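In the two complexes below, subunit A is the common chain; its partner is subunit B in one and subunit C in the other.
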Partner chain A sequence: MQATEISRSALDVEWQRLQVVAGNLANINTSRTASGEPFRPLRLVSGPRTGFAGLVAGGLPGGVTVRGVETVQGNARRVYEPAHPHADTEGFVTYPAIDHAGEMTLLIRTARAYEANLTAINIAHQMYARAMQLGHQS
Partner chain B sequence: MEPPSSLVIHRALDGLSARYAALAENIANANSPGYRPVRVTFEESLRAAAREGPDAVRAVTPRIEHQPVPAFGSEMRLDLELASAAETANRYAALIELLGRQMQISRTVIRGGQ
Partner chain C sequence: MTGIEAIGAIGPALGAPAITNVGGAAAPVPGTASGTGFAELLTAGMRQVDTKVAEANALVRQFALDDSVPLHQVTFALEEARMAVELAMQVRGRLVESYRELMNMQL
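Let's turn to the complex of A and B:
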């Protein structure tokens, strides 16, 4: 069931990527996090579990794994709102500068990758089902 | 049926299975930055080994290599990977069918043609 496990690892990773993107979009108007710092958009970084050298040396493909969740460097969005409780001495509130179009594009890419892995699982199951018919009395 | 024939089918099934795992790996890493897709080749070496004899066929192992870098655009094509996966599954099914037919012939022989 090796191929199914590879695709399964990708389903897990893409799902987590979806959650990170959803978190970015949900915090688009967050002026301050619990630690007092302004919110920074996050990006999930994934990579193959077995490198190419490992594959050539006879290792099995291990699927994909989460390498980490990192903050995206970018300028903050400063808005003049003197009445806001989080406004600084000059009357500006700091919001995260979330690239809305970029997040939506990543959302679509993630969903597409998720679907592709579901299709791959289906194809793998068809292969196994055929193999199990081997030697079937007919 | 001569024995090498079913031996070649077994090796080809192993090769197709390894190819499917490689395709699944590529699809799984569709969003991994800097990932270079891999592919599995075995047909050429299997064809050469089939001419030499059963021992050469037994020694055939699928070869893993990087896919060539496309001339236009550097992104992996998810649709092409899925198409290859479907083709691999179909060829796998065809070989299983072939093995099944061979078994059917053996069964007919054992039953004495009844």
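Let's turn to the complex of A and C:
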């Protein structure tokens, strides 16, 4: 069941990526975080999951894992809103410069990757079920 | 159980990896299977099936309590448990089939 284990790790990662993108979209109008800094969009960084044993054995694929959640560097969006409670002395409010189209594209890509891994799991289960029928009489 | 033991003597090498791979990590090394009896192998396999079913059960309960558990983990555990049970049933089927075959042998 190694193949399904690999695909399951990818499902976990894509699920978390979806949560990160959803968080970015939810904070698109956030003017300030709890620490006072402007909100920065986040990106989930994933990498291959290879344990020490796997490296020694010769790099068999072991799935994917979350390497961390990093902030995207970029300019903040400054909007002139003097009446806003979070406006600075010049009357500007700092919003995160979230690339809306980019986030939506990433969302769709995440969903497609999730689907692809579900398909891989289904195929693996089909092969498993077929193997169970091996030599089955009547 | 002696009849089953006799059948087990024919193919413990074939039976061992198929059963122990159901559980994945905690599988004994197939090379050492010649020492263990087939009944013990069966028992170990059934215990792993039971573990899988219990895992799926716990995940379903957790999902029902709070849905912070990703849904795919629940369905995956359910599917894995189903597969394990199905494999156990297949093993049992073959076993009973061959036992019956021997019982019906004309002497």
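As a working rule, the second predicted complex is superposed on the first by the 128 of 138 C-alpha atoms of A that agree within 3 Å, B and C clash if a C-alpha of one lies under 4 Å from a C-alpha of the other, contacts with A are read in each partner's own complex, and residues count from 1 in each chain.
Methods note: contacts are C-beta pairs under 8 Å (C-beta built on N, C-alpha and C of every residue); 3 or more make two chains touch, one makes a residue touch a chain.
Small disclaimer: the values here were computed from a predicted structure and weren't measured.
Would subunit B and subunit C fit next to each other on subunit A once aligned, or clash?
They fit: once the shared chain is superposed, the two partners occupy separate space.
More residues of subunit A in touch with subunit C or with subunit B?
In the superposed model, B touches more residues of subunit A.
Write the angle, vertex at the C-alpha centre of subunit A, between the C-alpha centres of subunit B and subunit C, to the nearest 10 degrees.
The vertex angle at subunit A equals 40 degrees.
Please indicate which partner A:W15 is in contact with in the superposed arrangement: first for subunit B, second for subunit C, both, or neither.
Only subunit C; A:W15 stays clear of subunit B.
Could you look at A:A26 and tell me whether it touches subunit B, subunit C, both or neither (first, second, both, neither)?
It touches nothing on subunit B or subunit C.
Scan A:M104 for contacts with subunit B and subunit C and give back first, second, both or neither.
Touch partners of A:M104: none, neither subunit B nor subunit C.
If you've got the overlay open, could you tell me the nearest Cα approach between subunit B and subunit C in whole angstrom?
Comparing every C-alpha of subunit B with every C-alpha of subunit C, the smallest gap is 10 Å.
On subunit A, which stretch or stretches are contacted by subunit B in one complex as well as by subunit C in the other?
Subunit A residues touching both partners: 136.
Which of the residues in subunit A come into contact with subunit B in the complex?
2-3, 6-7, 9-10, 13-14, 17, 45-48, 52, 55-56, 60-61, 63-64, 109-110, 112-113, 116-117, 119-120, 123-124, 126-127, 130-131, 133-136, 138
List the residues on subunit A that touch subunit C in their complex, please.
For this pair, the touching residues of subunit A are 1, 4-5, 8, 11-12, 15, 118, 121, 125, 128-129, 132, 136-137.
Enumerate the contact residues on subunit B facing subunit A in the complex.
Subunit B residues touching subunit A: 17, 20-25, 27-36, 38, 64, 66, 78, 81-82, 85-86, 88-89, 92-93, 96-97, 99-100, 103-104.
Applying the document's contact rule, which stretches of subunit C touch subunit A when the two form their complex?
That would be residues 21-22, 24, 70, 72-73, 76, 79-80, 83, 86-87, 90, 97 of subunit C.
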